[in-house]
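To start, the structure under review is shown below, and the notes come after it.
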Amino acid sequence: MSIRVRRLEAKDKPAWLPLFKGYIEFYKATIPEEVIETTWERLLSGKEGFHIGLVAVGDDDVPVGIAHVLFHRSTWSPTWYCYLEDLFVDPKVRGKDIGRALIEQVYAEADASGATRTYWATQEFNYRARGLYDKLATKSPFLQYRR
Amino acid sequence: MSIRVRRLEAKDKPAWLPLFKGYIEFYKATIPEEVIETTWERLLSGKEGFHIGLVAVGDDDVPVGIAHVLFHRSTWSPTWYCYLEDLFVDPKVRGKDIGRALIEQVYAEADASGATRTYWATQEFNYRARGLYDKLATKSPFLQYRR
Amino acid sequence: MSIRVRRLEAKDKPAWLPLFKGYIEFYKATIPEEVIETTWERLLSGKEGFHIGLVAVGDDDVPVGIAHVLFHRSTWSPTWYCYLEDLFVDPKVRGKDIGRALIEQVYAEADASGATRTYWATQEFNYRARGLYDKLATKSPFLQYRR
Amino acid sequence: MSIRVRRLEAKDKPAWLPLFKGYIEFYKATIPEEVIETTWERLLSGKEGFHIGLVAVGDDDVPVGIAHVLFHRSTWSPTWYCYLEDLFVDPKVRGKDIGRALIEQVYAEADASGATRTYWATQEFNYRARGLYDKLATKSPFLQYRR
């Protein structure tokens, strides 16, 4: 199976839905159905201020991995920061560098937009993901505080 | 001296500038003058997609502390996430709960906007700040990766 | 292959040596040959104050994994603390629960000695090991400082 | 007040006791009285395998700070490792570099014994102590796991 990463399209909804829900479950979280629907609509809207959706697809053009990316302003940048909020690969097709392909496309999008930083957050104990991230990015000394 | 937190105003530029520069220096970073100027203009613009500026002022209404806050979309929320990107208090007036007053006003802004999360990042070894943050927020298990 | 854990014996030297050296290499460290020889002699000596050696062996009784354990005094305990200083499994036989078998035998030794704590240190980014440790022990909030 | 660090002596018991108990309370822990008594006797015994006690004293020779140090074998060293298990300064006399004086004397003891490493563990969120440790030692990437 060769993997390609492209923008999310309307026809992807049946494949996108279980991937996004799998991602939410990974975090032992829940999101109401209507919020998931809103997120879907925003991803497709293409409007400034909303996330861009990327999907990794196999030969059949069906998504097996997703990435949701937000370009936002920073007080430290004249252009944009590129925030990778969500990244998920179907557990049934792990170990095929799909996560890497998605991140590399995020980098390409960031470069195309002139973003001066690309970043994401991951749980300290997400060892599998961190093994990949250590190869593609730098762990910063920044922790996240939340109300 | 009693401390009040209010929105940034055009007259605050002479006090805001050394505070933002002091903050940048704290991170041993540099930002070109024209980017600082752009950031100033964006903070004052009041346009969606740009940061809100908050300042802590004393009895003379002159800023001694700053907070820059970005409301942005999240795929997990129908409303907003509230991201506190910058927080700085003049080192000469430390120990007067000015940082706390600024964060509490950030929370008030977040509540007024219906934001479903308020968060910020801090360096693991920023002990002074973390002593305050531990009282006002929860340290998440999230680390930040960067390209 | 069934795995058994037993005390280190004199006949194990040819198998122990590459395992201990593999462990040292894992940490990108070097230890002079004469120190390795001293460590070997101390492990076999059985004297108080020196480490106990444990080995995981297959059906042929040849070590494929090692654990070096020190019982030492603590100001917090009337008995002993059990410190697992070294743990290593031959990379060629990973994924067979050999690390787990070694740690479980360390626990058995600790219990037999009435030790009131068993502990070890691991590098934050040793994801593979931490995946196992998270199942068998608790990550404490303690960091290690060194001169 | 000038501070001097010396070995613990029998006459120090009335001052040592509240310091060790203050240290235990700092960790929200409890140790039975008889274990504290055993620890006291071991500290004074001077026997190999038990901790050395150091005290920081003012002009009146009364302890205001304590350090308990264990020299133990390591499989990585032909000599000793020096483990600083306990360090505590009377909260009423903080900010006088007493912790630093104690650690420096630990280093002197380690050097006198030819120890090839001196180390200790501290809680990630012990910001006050870490501010000092960052000046005197190196934070390793090692975390502590415990049964």
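Note that the chains take the letters A, B, C and D in the order they are written out, and that residue 1 is the start of every chain.
Keep this in mind: a residue touches a chain if its C-beta (ideal position, glycine included) is under 8 Å from a C-beta of that chain, and two chains touch if they have at least 3 such contacts.
Only a predicted model underlies this, so the values are computations on that prediction, with no experimental measurement involved.
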Labels of chains that are neighbours to chain A and to chain D: B, C
Averaging over Cα atoms per chain, report the distance between chain A and chain C in Å. 40
Just curious, how far off is chain C from chain B if you go by their C-alpha centres, in Å? 48
So how far apart, in whole Å, are chain C and chain D when each is placed at the average of its C-alpha atoms? 26
Touching at least 2 other chains, the residues of chain B are 125
Got a list of which chains touch which? A-B, A-C, B-D, C-D
Touching chain A in the complex: which residues of chain B? 20, 24, 29, 31, 34-35, 38-39, 42-43, 48-51, 68, 70, 72-78, 85-86, 107, 110, 117-125, 133, 136-147
Sort out for me which residues of chain A touch chain C in the complex. 125, 127-128, 130-131, 134
